[in-house]
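Going by the order they are written in, the chains are A, B, C and D; count residues from 1 in each one.
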Amino acid sequence: MAIQKVVGSFEAAVADIPDGAWLMIDGFAGPGGTPQNLIAALRDHGAKDLTIISNTAGLASVIGFGTVPGDRPIDIGVLVDNQQVKKVIASFPVSPSPSRPTSFEKAYKAGKVELEVVPQGTLAERIRAGGAGIPAFYTPTGAGTMMAEGREVREFEGREHLLEHALKADFALLRGHRADAIGNVVYRGTSRNFNAVMATAAEVTVLEVDEIVELGDLDPEGIHTPGIFVDRVVRIP
Amino acid sequence: MAIQKVVGSFEAAVADIPDGAWLMIDGFAGPGGTPQNLIAALRDHGAKDLTIISNTAGLASVIGFGTVPGDRPIDIGVLVDNQQVKKVIASFPVSPSPSRPTSFEKAYKAGKVELEVVPQGTLAERIRAGGAGIPAFYTPTGAGTMMAEGREVREFEGREHLLEHALKADFALLRGHRADAIGNVVYRGTSRNFNAVMATAAEVTVLEVDEIVELGDLDPEGIHTPGIFVDRVVRIP
Amino acid sequence: MTQERLDREIIAMRVARELQDGDVVNLGLGIPTLCSQFVPEGRTVVYHAENGVLNYGPMAEEGEEDADLTNAGGQFLAWVPGMAFFSSAESFAMIRGGHIDVSVLGALQVSERGDLANWMLPQRGIGNVGGAMDLAAGAKRTIVAMEHVDKTGAPKIVRECDFPLTGKGCVSLIVTDIAVLEITLGGLVLKETAPGWTPEEIQAETEPTLVIAPDLQEIVL
Amino acid sequence: MTQERLDREIIAMRVARELQDGDVVNLGLGIPTLCSQFVPEGRTVVYHAENGVLNYGPMAEEGEEDADLTNAGGQFLAWVPGMAFFSSAESFAMIRGGHIDVSVLGALQVSERGDLANWMLPQRGIGNVGGAMDLAAGAKRTIVAMEHVDKTGAPKIVRECDFPLTGKGCVSLIVTDIAVLEITLGGLVLKETAPGWTPEEIQAETEPTLVIAPDLQEIVL
């Protein structure tokens, strides 16, 4: 039987996400790379007590940040609003401006969600480690700061480093540009950001993509996420 | 001044490699990916007491292994023959068949070169760590084997792991397919193997390539080694 | 019934039956490489080679050899649609990260608890570890395909490996030229025999004591 | 001579003089972003943004905005030849691995030994660390571009940071709206002053004791 990873609807692609799941969801400073349709489907699906690993905790409620004027993209802020989120692990959890709090910041201050702040590079590397079978690694990032609290500190070449542990998830919700039926994926421009690394670190990796192409249409030299990392692909209508 | 990384000759590209240098040189099971011209230039240059980090210690003297019949490609075996090598760090240091020893195996048995055998994935990951600013990481590979000797053993999730340290080099000698003047590089097929990761972990990264193209000719989505990792590019005539 | 040792192709054919539809499979040098020819019809297997290619297909035709397209053993592959290339670091991230379903490896020795020794003959004093330790540690399932005894007739399935180990407790199934054996918590279980071989004859060529499967049968191909 | 504070463009212009031909540079949000407009003629600087792009050029023209091409602050970039895209894991491998020559960051506080605090206002109780800690730890050189004092007039250059740290001892140069200061083993050295400002006046807005450079001069643009 030929491998076939294309799924017909966003709804079907997220239907088995249980309450309490750990999710990786892409989100950067703007809508580029954010799986807006899968997030909307997860909102409608309603799974609760989610732990979300993401670069941000949702910035769309801050108008104009990486967004074309007039557009109000969907991001994980809608899951926070819908009270589906238990905890966020992120590097950029709030608005750059204290006077314009996001949904997440309000929920956090009301004690409704937990937060683990992780330096962006450490976040990316912990996810990479999760996908690469490395349970833990040492990094200079954050040594001598709050990030060292509760972490093992060890010197290499006379410099302090922190021991950081791998992150994995049950599901990754991601956004690609083009995919084929066996799940090979390419991203476009800076939308690759956390998508490519998150694709490696989840039990079930789901992508929404602009286009499904024939096998062989993607340049084999330029595939960013080989199909073995991908479980489901949904075309954005 | 525009950035210009193209160098006119293999000789010039290796001229400043000093005695005692640490080198990363690509070499897999066949000539694909091996920088044959740079190796030949280094042989003629004559630097001695070299420590070479490579997947193999030279297999070209074993006829027919990944090689088109009649062809006898150059690999780091010629540096061993020329007594320039002090030590090799490799995963596949000898011929698959004991009855067909390579130059390296003969030199090793004669006590003329040192060897550190490293599992191939650990070798790749140690080089990646060298390029990525990770001084050390834990891996399950090699736990409970000879590779654990002299290494810290630590349990994660009930399983033994070894602490492995980053590898870096003074120079990397590599082979690409196409490059532009600012040093963006793409590889071809399975020749990417260790080339792409070694490019990140050396002070000076030198590539021989089939073709130099105009800026903008390489697909920005498909660049395997961005120019910031590359110092010198030489076109194969 | 004549008692014969199975040839390499038959061993590979038996291993191939273990490969499930959609499995990501890494085949080692030697007998394992042959498995790809015998995957049962209707199953699609995704091949991974540790030098950085996925979804490769058949070997290259004569005259079509391309140095930039080989498997990890230096054999030339054909260009087929759907392939993806990547670096060694990414390739072993796949292996170590548990993204390979089945690794098929050769062996010098396998212990009754599934310890694997396949990278160094002690008398040579030097060996090629290659990707074997990473595969042993990282693949979800490791199958050994080998001859049951070595060239001197000594058992390769032993109580304890005395050759340098590749990995501890990593092997789950052994397919040899006379038997199929499963490593379980309850011991080394003889599941299938080559035509004409009795359990006693297989035991005689095996160092640890065999547990005979209740459903012991002749090898299924 | 009138004593004025330099505006943000002039601060950025002064920082830009530090960028050498061929440098790989990461510019933070705010004043640092402005630096790219002022790189001295004849120098080519390679820009890195931590969301995964190298060799980017100017901002996108109005109407040409593309959600798939932004810098790390969400500003739209133009498509230019020579760009390379990569994942966040690779992007921070570049940063942590020492492949970025200069990081230009804003700051809430900088200590006399070069400790940097720029990610969290304690009174907010929550903050965005983003890539700042990685840049502080990984870039070969960190330059701070900021106003000399905060909105209440309190010094931002302090003996010890009391805001949460981004990195220890990472800052080597501070460019403010009234001075250029270098952090050296011999102390915090006042190198340049804004037009009309005396060392005493700058000292009055600076908590640690300044070392006056023997070649102290008016700011060079």
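Keep in mind that, in the parts below, a contact is a pair of C-beta atoms (placed from the backbone, for glycine too) under 8 Å apart; a residue touches a chain by one contact, two chains touch by 3 or more.
Quantities reported herein were computed from a predicted structural model and do not represent experimental measurements.
Across A-D and A-C, the chain pair carrying more C-beta contacts is A-D. Chain centres here are Cα averages; for chain A and chain D they lie 28 Å apart.
Rounded to a whole number, the gap between the C-alpha centres of chain A and chain B is 34 angstrom.
Look at where the CA atoms of chain A average out and do the same for chain C: the two points lie 37 Å apart. Taking each chain's centre as the mean of its C-alpha atoms, chain C lies 56 Å from chain D. Within chain A, residues 125, 128, 132-134, 139-140, 187-189, 220-221, 224 each touch two or more of the remaining chains.
Those residues of chain C in touch with two or more other chains are numbered 85-86, 92-93, 95-96, 137-138.
Pairs of chains meeting the touch criterion are A-B, A-C, A-D, B-C, B-D. By the touch criterion stated above, chain B contacts chain C in their complex at residues 28-33, 55, 65-68, 91-94, 96, 98, 105, 108-109, 115, 117-125, 127-128, 139-147, 177, 187-197, 224. Contact residues on chain A toward chain C in their complex (touch as defined above): 1-3, 128, 130-134, 180, 182, 184, 200-201, 215-216, 220-221, 223, 226-229. Residues 29, 49-53, 65-77, 85-89, 91-93, 95-96, 115, 121, 124-134, 137-138, 164-168 of chain C are the ones touching chain B in the complex. Chain contact summary for the complex, chain C toward chain A: residues 21-22, 24, 42-44, 46, 48, 54-55, 81-86, 92-99, 137-138. Listing the residues of chain A that touch chain B in their complex gives 125, 129, 132-140, 156-157, 161, 165, 186-189, 219-222, 224.
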